[in-house]
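Across the two complexes that follow, subunit A remains constant while its partner is subunit B and subsequently subunit C.
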Partner chain A sequence: MRQLPSGVFASTYLQDAALIRTGKQWLALGVLLAAVALVPIVLGPRYANIGNNMFILAVVVTGLQLTLGYAGQVNLAQAAFMGVGAFTAASLANHWALPFIVILPAAGLAAALFGLLFGLAAVRIKGFYMALTTITAQFVFHFAVINLPASWFGAANGLKVPPAQLFGLSFSSDVGLYYLNGVVAAGMIAFALGIARSRFGRAFVAVRDDDVAAGMVGINVVQIKALAFMVGTFYAGVGGALWAYYIRFVGAEQFTLFNSIWMIAMLIVGGMGSIVGGLFGVVVIAGLQELVTSLGPQLAELAPELGGQIVFASMNVLLGLLIALFLILEPKGLMHRWQLIKFSLRIWPFPH
Partner chain B sequence: MPKISRRKALSAAAGLGAMALPLRAMAATAAYNIAGLADYSGPFADIMKPVIAGRDAIIKWWSTEVGAGLGVALQAKNYDTRYDAAQSASLWPGIRSELNPICSLGVGSVDATALADRYAEAKVVSIQSGATATNSWVPDSWVLYYRATYAHETAPFFGWIYEKEGRKTPIKVAVISSEAAPAFVDMAKGIQAVAAQLGQIQVVELIWDAVQPVDLTSQVRRIVSAGAEYIVIQTNTAAVVAAKRALQALNAKIPIVTTSHNGMLASGKAVGGVAQMEGDFEVHSMVMPTDDAPQKKLYDLLKSKYGLNQPWGVLAAQGMSQGALAVRGIEAAVRKFGPADLSGDKIRTAMLSTPLEGRDGMLPTVTFDRSAPFPTSGLTANVATIKGGAYTVAARDLPVPNLKKW
Partner chain C sequence: MADLLNQVANGTLLGLLYALIALGFAVVYRASKVFNMAQGEFVVLGGFIVWWLASDLELPLIAVVPLALIGAGIVGFAIERTFFARMVGESAFSMVMVTIALLILIRGVILVAWGPEIRPFPIVFPLQPLVVGDVLVPRSLLYGGAISIATCLGLSWFFSRTRLGLALTAVSQDHQVALSLGISVRHAMMFAWVLGSVISAVGAIIYLSGKSLNFLASDIGFAALPVALLAGLESVAGLLIGGVLVGIAQALAQQYLDPVVGANVASLVPSLFILLVLFFRPTGLFGWKTIERV
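== the complex of A and B ==
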């Protein structure tokens, strides 16, 4: 249940459904958007590229949040679905020179169709069995890309991707892509927030909590499970297309099981069942990865007596340790902690 | 004391000043940065130290012993890419703003493909450390390699056997690889291309297995039944160990042909002793790191004076060769355009228009052109084997043939 500041009441359904209810919330959103928009100008293209990576991950992890966090359908192959989108985008851009605005949804749809196969499997199986089934998606994707005719997806050689074209503009610079990825990510997140508050979102949660009970109250469980997979993998496909335009090359080795596991780690750290929580996870994990790769060489340079290998091994251990600490100390994720802090502030000075 | 007029004194001072100008210009050293990409925390972290130490030492050595005379000083700084495409792309703008590098030293195909367009836009030439992957085999590339593909390197070995044995029929070859990584698929397809294009070998069996196979007995039985005379394994040491164990179990003696990263010493160590690799081969374009190799003298110099604190081996040689191609390119550019205002564009132009030779001795004199990212003439392959339980060079400087892209 959302806690609102004292004195804020909804008097219409529209107000009740609104995501942003107060002037201060609008102000906070405006400040956040302005800060995000200023990153490349103030901090430079290096940070713009960190942002690019986070925007793309935000789209993909939001999709996973809908499938796993909201609908409770285990998906250990989100990276593979992202790969389907990336290869679809690369193939369409290379063979038909289609514009970005057409390729983006097409990549999402291709991934959603691939995801639907596994969504249908989810009708009959769940839990560990479902997890194992989705792992097969990871391998099917890999072997399909490598063994399909090279003229389709480049086979083992992968595919180069031309710059995104939109309304006569070519997005070849990292800063240009930052704004493009940012706009797409913002749209996709807003859409996900809408889904989460819609009857579909409520059906997702009902199926997650108890699919038998959900069926008994009239929810079409088969349809909802399949839909959860389709929507989540659509997001992965869109993220994959953004990735293809960002890296400008797609290869099967870029979308591994290891990447899928990292995406689940982002959900766990941020908080399951919350769109914003997943975004917290993306920022924290991707930020830590950046920190580790930046800190390692600097430490090795500053303290050569430590020996490069010890420093770099420690960086990996540090990353793992931080994630483990999150899981031990805050298993409900950062979003839960954030909600508690907000709630405490709102009822302060009263204890509850 | 003779009296010197004010006019004479001024003239003398002006003359001395004029004489000193070119001397000052010669003494001034232009400093340039090189960006080193590394994998300190990713899948190749365990082998990165000797590679990086080798290339860093070559750059220091060249800067002191060659660059100083040419008026050029080089400084390298390494960045951790985790062998990850996103991390490589993310780091690049920061590297450019921090170093403004004239050259980048890459790790492998992941950073090469992720940064290929970015190198071209920034006009920074990149020198890679491994063999060329087919996805990087494009014309007009800004990413250059000192080695061609694994298939290019293996072809002269079979040509050498073919000639040595006076063969009239193709050598029957089996390949063990894995579909788990596109690079491994590329290796196997390369051997098939060598068979199709040169006709000296015939691939009688192609085994796709796991990246780290545990048991290959049934697969090797098929290879034996197919009458294979050699087994080519270019994936890793685990595959060599599994194939060796299978051959021993089947009491079959078929020589295994490996490459640099799964060579005789590494695979011998994994299998329980190099003596078990008796009669097997290691083939690649790099120096075979034997103690009597002429390049060992350079290694010893780098170790004693330039901080190369890693053992003499194929990995140190890999880094040294990568550094050697980079400094050769820079040297060619300095000789062509002068030491001032050196740029990646000038280095690339010099590399593509000048035969690259150097006093390092790590590579033969090689020539690049715009058709491929690796030298199109001058490349050679070396062959090492285990003979009498010792790691020895079987053949040196076998010319690498030209192959069509597969």
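== the complex of A and C ==
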């Protein structure tokens, strides 16, 4: 459903299938990538940290976008799947000292297998009953991490993670990790854009809009639902592994139901059913979180009796209102608004 | 044997408390087809209203309880007017997302207003447990059980026998059809949210009586979730049976499984229970068979 400016015509099939169609789009992408690459150099390591957080969230939320935004399968435990990836990565790195390049997909696969378990429930159950069963994943994850032998996942103490090693380089500084996470996130997002345009992405959308009709046109609905869950949770697992290498420590309390809810909030604010929309949401919400955190000391002066809790509390109030307002006023998210603005600029000065 | 009896009795009563909290889910779902994810926060909010009236304003208990219920009703009314009245006709999905927003919002408001400290909750029911033979049960749960049986049966009768209740049932099946039959969807939703909020406050009083209160008490909402799913979201009287089943299963797991496994399996039992039930019976035990299957 991409809208191109008029006058752009494809003369070969290759051009018609290309993701980036015009010179201006190439230019915009180039400027964006250059700007992102320059952030730690120009703004310093503090912003590299924020960037790391956003890159990792971008991977996880893109996965959720595929499961929820494209395939319509509600998953309220994306953070738990992220946790599965993080703990798998930590455990593999500690016990077998596997290289980063092997661990990253392995963590994704572990999360995808765990996700399949709950994806299979989607075969039987639909809608909100389904959403609620995914909450079970959250409880199972937390329980398993705490109660499995400490030598596996560190139980209540969590696990330390060695720095990522790739091509003989060791990624232990925030700036180094910024580029590593950035490259992985860019690759994963490009892959997701590919999935969304592929036969599977179309099948996801068909199943979301009407699974009976999708079945009638020959889509294997069961397979597609399970696949949607696996792909989404694979992304969560990869994001979790990046997180493990970024924080260098994993603990069960880093992956709560509340985190999953924040991720859904990012989708709502950014826009459901659009990969780029999800990224908008990540930037806006993670940016707001940063803003509130950095305003923390001033806020604490306003309400001294709350102490450090004021940041968490006011963030909740702000975010809760934001989601509710978006759902009431702009249910299609920022992405939709952005498209409208782009369209009206293109045809300016005419209204239609 | 005494252990077994004790566990079954306490499990049953705890299950009845779960049923009462789950009733909050069911009432809202029955009238607006919205699954209220913020149920746990409603319970905590009810708890804080009681605490505020009893400890801050130092009102006598006899005045606190009715005032708290009225206060909870007003909160439910305000929330419905502010958020859900604007969303009649929107998809159930966006409405549930609003309840998720509410979950975050109410937690934030509670933290801003009352802070994260743990506070003693007023003792509404006498503390000393009731002893019958070898069986020992806390009074709050005993009275709570009676209240939840009465409420569930009463509401069950209300939803299936009275004019207003049937109107709510019609709204839960289809907003459009209900509107065309002259039923006010807005009134039905308002009623449901007020009722849901009041029931949550009752649940808070029973659950928290004589215990401590802070914002983390909202976990009871998710603990009651399996009960609501097990019974099927539409069934009000079925909640009692679902609650008792889950309560007993949890109590027995605590008694007999935990020592064997050496971990807190009991906390996981309700969730696993519901996963199994949903695999074989996606509508829950007593739900309407309207869930489409693939």
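Convention: the second predicted complex is superposed on the first by the 328 of 352 C-alpha atoms of A that agree within 3 Å, B and C clash if a C-alpha of one lies under 4 Å from a C-alpha of the other, contacts with A are read in each partner's own complex, and residues count from 1 in each chain.
FYI, a residue touches a chain if its C-beta (ideal position, glycine included) is under 8 Å from a C-beta of that chain, and two chains touch if they have at least 3 such contacts.
Model, not experiment: these values are computed from the prediction.
Student: Kindly classify A:L43 by the partners it touches after superposition: subunit B alone (first), subunit C alone (second), both, or neither?
Tutor: neither
Student: Is A:G215 touching anything from subunit B or subunit C once the two structures are fitted on A? First, second, both or neither.
Tutor: A:G215: touches subunit C, not subunit B.
Student: If we overlay the two complexes on their shared chain A, which of subunit B and subunit C does A:A190 touch? Say first, second, both or neither.
Tutor: neither
Student: Who does A:V123 touch here: subunit B (first), subunit C (second), both, or neither?
Tutor: After superposing on A, A:V123 lies in contact with subunit C but is clear of subunit B.
Student: Considering only touches as defined above, state whether A:F143 meets subunit B (first), subunit C (second), both or neither.
Tutor: A:F143: touches subunit B and subunit C.
Student: Which parts of subunit A are in contact with subunit B and also with subunit C?
Tutor: Correct list for subunit A: 143, 146-147, 309, 312-313, 315-316.
Student: Show me the residue ranges of subunit C that touch subunit A in the complex, using the header's touch definition.
Tutor: By the definition above, subunit C touches subunit A via 35, 83, 86-87, 90, 92-94, 96-98, 100-109, 111-112, 115-116, 222, 225, 229, 261, 263-264, 267-268, 271-272, 274-275, 278-279, 282, 284, 291-294.
Student: Show me the residue ranges of subunit A that touch subunit B in the complex, using the header's touch definition.
Tutor: Residues 44-46, 48-50, 52-53, 142-143, 146-147, 154-158, 160, 172, 174, 243, 246-249, 251-254, 289-290, 292-294, 296-297, 300, 308-309, 312-313, 315-316 of subunit A touch subunit B in their complex.
Student: How about subunit B: which of its residues touch subunit A in the complex?
Tutor: Residue positions touching the partner: 38, 40-41, 45, 49, 52, 77-82, 85-87, 89-94, 97, 109-110, 113-114, 116-117, 121, 133-135, 179-183, 185-186, 189.
Student: Mind listing the subunit A positions that touch subunit C in their complex?
Tutor: 74, 121, 123-129, 131-133, 135-136, 139-140, 143, 146-147, 211-212, 215, 221-222, 225, 257-258, 261, 264-265, 268, 303, 305-306, 309-310, 312-324, 327-328, 331
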